[in-house]
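In what follows, chain A forms one complex with chain B and a second complex with chain C.
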Partner chain A sequence: MTNQSTALTPRRVARVIARCWAIQLKSLTRSGFFLLVTVLQPIIFASIAFFMFRAGGQAPTLLYAALGAGLMGIWSATLFGSGGIIQWERWQGTLELLVAAPAPFVLVLFPATLATSSMGVYSIAATLAWGRLFFDIPLELAHPLLFAVAIPVTVLGLGLLGLVLASTFILYRNANALANLLEYPVWLATGLLVPLSLLPDWVGPIAYALAPTWGIRAIRESALGGDPLFAIGMTAVLGLSYLIIAAFSIRHFERQARERAALSLA
Partner chain B sequence: MSVVEAVDLRRTYRTTTGTVRRKALDVEAVRGVTFGIEEGELFGLLGPNGAGKTTTIKMLITLLIPTSGEARVLGYDVVRDAREVRSRIGYVFGGDRGLYERLSALDNLRYFAELYGVEARGQRKRIEYVLDLVGLLGREKERVEGFSRGMRQRLHIARGLLHDPPVVFLDEPTIGVDPVGARDLRATIASLTEAGKTVLLTTHYMFEADALCDRIAVIANGELVAQGTPGDLKAAVADRTVVEIEAFGVADEAIEGLRAIDGVSSVSVEARDQMQVLAVQSAAGVELTQALMARLNGARVGRVTVREPTLEDAYIALVTE
Partner chain C sequence: MTMEAMSTVNRGSSLRRDLRLFFVGGLISYRALFNWLHPKIYIPTMLGSPLFQILFFTNLGRFSGVETDSFFVVGNAVQVCAMSSIYGMTMTIANERYFGTLSSLLATPANRFALFLGRAMPPIANGMLVSAFGFAVGIAFLDFRPPASSFGALAVIVLVTVVSCTALGMLLGSIGLRARDVFFASNLMYFLTLLLCGTNVPLETLPGWMQAIGRSLPLTHGIDAARSVAGGAALGDVSGLIRTEFLIGGAYALGAYVLFRVFEIEGRRRASLEAL
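The block that comes next holds the complex of A and B.
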């Protein structure tokens, strides 16, 4: 046998994640459909948000709106990507090959969902550039360093939330239809569009369990001023909990899929 | 101990019918299959569509959990020790799917090399080696979407061999590949056992099984109906004669009529463009040509030949009688 190492050392885990993330990202950037959604959608969101806030006479809060619109783009990319990833793999006939690989399936799926949310980073950049060029929104960051930390932590948190969602799609073939339903409620419930204080009290507990709530708070507080460290920490903690949930649910759903023969189309 | 062992392996699928009043229906795809493959052997699993070949393979490669029975690969149980099994086997299936279309062949192999734990040091050399083995060296930077069926199939084999597995499962690897491409693929498959690998091959093509396999098992309706060397299977029909008739426009009723003739063991029909080739098996020494021609009255009949039975005839006898 050739030099093969299937033992899960931290080095191997890091390598598998990094290499598979890079290859999945490469594959995504070659998908015209995915690129179109990722490139155009944030610009449309941003324009709507700018016009809404401007019409409401809240010009000073335009950066606040821009950041929310950017995160809406990350959430859409994550949802669309993690909802679709299992289905794409199934259609391509690669899902069975991925499950048949000795690497734990969570390690296969995580870089793939992370790649989709990483594509969403573009949406933040595009939204801010669009705002700067066409709406004269000044881009002055209160804590540039923390802003640079908040962005990847938020992308990671959202990617891991996508991983939890993707795990259910292993077994339930048409569950990604659910992905479309989750787009708007999460924008609303996590304060991306309007402040949470405007929403009914019962939304609170749901909002606090979702990484985008803390992610947007971290990004806004690091851009507009405040203390973003707690929100950055909460995003990271939630991300870690999602990872633990996903590891269990992926194992469970993978076993169920092998029992019910749900991995292939045939 | 056999390298691959299946003991009374069974698999039932549950399907539902109807929309409002849903009814669950259990379909038995594999019904108590038992066989063993020895080290370095090329073992063929033959059977018509839906006979249970792919279901059997998928249980052996850990993708399906058997409803009952046991299976082991290199002594590891395919349900309990799935990870141990996965790291020691290669799986290649036929057809267009199973590759990342938008990526290059090289990226496809790099991706699976990571997932199969091919160590970083030596990974590039290993990828080069498998590309060379399947004749794709020099084309590795091209995107898979531009590959022909034969190139895709070769890339599949390269992927399955990346981690140098001692056991390889090939599920109809030459399906849809042109004759020259298929011949090259067969040469590659033959080289696997020369390199000491144990191979399970499923195929529809009898000449392929005859040329490649050390032993063959024939599966029909989820059950093994015969097992042995190609010679053993042919010997089972050695006491028969085959009358081959080239004809045009033979109706189904006429074929049923042929089957009803006294002394006819089986009739198979193969369509070749506009022509039908009927292979009628009977006991050796029984003169049936006149009776057959009488029943084909009305159809245009071309060449008629009487020949010795082949492995294909043995197979047809096994799955139809």
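The block that comes next holds the complex of A and C.
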């Protein structure tokens, strides 16, 4: 008889994460909605910012706007993707199977939310290409290597924030409504296009607890000049704390849903 | 009873039927097909999202130094009616197909004109409410202070603009009777109105082709009129803009009705009414 142990080895964990990420990413790239959210919507918002910045003449470079609009796309993809993921699995009747699978649910959910934020890389690429082609924005990066590090760290940070969102939405039936609500406030509060210094002081502590604040800082400082290492580190640290919060939260909500036999009903 | 009298009675009862279809049918279809009616969805989506949209663009306007706060408050307060006019209207028509009720509906002898137009009434009322909320946000949080004498004129302008924008939603809804993913188009249109209709970017700063598209869309002239009135102009001063807004809406409504009928006839002929 062969050994059918389901113990989690690092190799198995890596395999679960890689497979779930790849499947989810394939599924998302075939969605018209995600094409809109990750490519067209950021291009429209980047264009609005470009025209406003040009007309006003007070704001910084257009590359500043392109990067901000790109990260807005990453946040939208994460928000709608991660917020809706439990609901989609529920609608497809696969949620119970995923929860009952030998792999811990957090290990299944994490790559799925990471895939949603990974989709956001299209946003950065789209807004930079749009700015270069139609607005003649020079794409000269101050620290290309750090830029190449800042992007995946930001995607990871937002993916883990998405995991927290997904875990809290397990018991909430109308996740899409919350997602609709949370898009603009996070764009605003994390300084993606509007500097935090223009916002009321009480926004500061909220902003610093959100990965997009540090992610955009890391990306901007690596692209426009500055020292992005601290911001990259903060994004990574916040990502790790999101993972811990999400692991507890998923276990708690999963147990509640099992106890109430309401996993597919909530 | 003479034939003439019977014909008069039939005409009267037919009118009553059509009016009932217009008002009651429109309301019932809205309750059934508008996905966001429950307060748990309505409040975050129809009120929460516009609230933060207005705050976001006003702050972006302050940062870019392009216009005053009231430019963004008025532009966005009028534009957020599209939450109801575009999304709501699209859902109220296109969801018949997604929910599998389109064939049953079109098998009835109901007057198509009354059936179609009746669906526009609830989104119009809702759009007015969302826009009014948008103006209230400006007054409460952004120190927006239009002259009290402008409230009546603003209400008229918003009504015309909401009607016009709802006509655009009807057009998208009609396309949804045939297209695979009409909500892609309605989302895209909502975002485009932020760029092309002078909502956030002064129209004259856009390239000529964008200005031309913007001027052919609902909202553009309504927003322009609302800004003038909020700045102290009288309703009569912007009557040309209001008329243009209304005519644009009329053209979209006509296009929507023609498409609705064409897709109905085509759907029957090809037995493809509910093909997704």
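We take it that the second predicted complex is superposed on the first by the 254 of 266 C-alpha atoms of A that agree within 3 Å, B and C clash if a C-alpha of one lies under 4 Å from a C-alpha of the other, contacts with A are read in each partner's own complex, and residues count from 1 in each chain.
To be clear about the criterion, contacts are C-beta pairs under 8 Å (C-beta built on N, C-alpha and C of every residue); 3 or more make two chains touch, one makes a residue touch a chain.
For clarity, every value in this text was computed on a predicted model and none was experimentally measured.
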| item | value |
| --- | --- |
| Touching partner for A:195 - first (chain B), second (chain C), both, neither | second |
| Which superposed partner A:49 touches (first chain B, second chain C, both, neither) | second |
| Partner chain(s) touched by A:258 [first = chain B, second = chain C, both, neither] | first |
| First, second, both or neither for A:244, with chain B first and chain C second | neither |
| First, second, both or neither for A:30, with chain B first and chain C second | first |
| Which superposed partner A:15 touches (first chain B, second chain C, both, neither) | first |
| Contacts of A:94 with chain B and chain C, given as first, second, both or neither | first |
| Shared contact residues on chain A - chain B and chain C | none |
| Chain A-facing residues of chain B, complex | 13-14, 54, 58, 61-65, 83, 86-87, 91, 93, 95, 97-103, 107, 110-112, 114-122, 126, 159, 163-166 |
| Chain A residues touching chain B - in the complex, by the definition given at the top | 1-6, 12, 15-16, 19-20, 23, 26-27, 30-31, 91-94, 96-104, 108, 255, 258-261, 263, 266 |
| Interfacial residue positions of chain A with respect to chain C in the complex | 32-33, 35-36, 40-41, 44-45, 47-49, 51-59, 174, 176-178, 180-181, 183-185, 187-188, 193-195, 198-199 |
| Residues of chain C that touch chain A when the two form their complex | 36, 38, 40-41, 44-45, 48-49, 52-53, 55-56, 59-67, 181, 183-184, 187-188, 191-192, 194-195, 200-202, 205-206 |
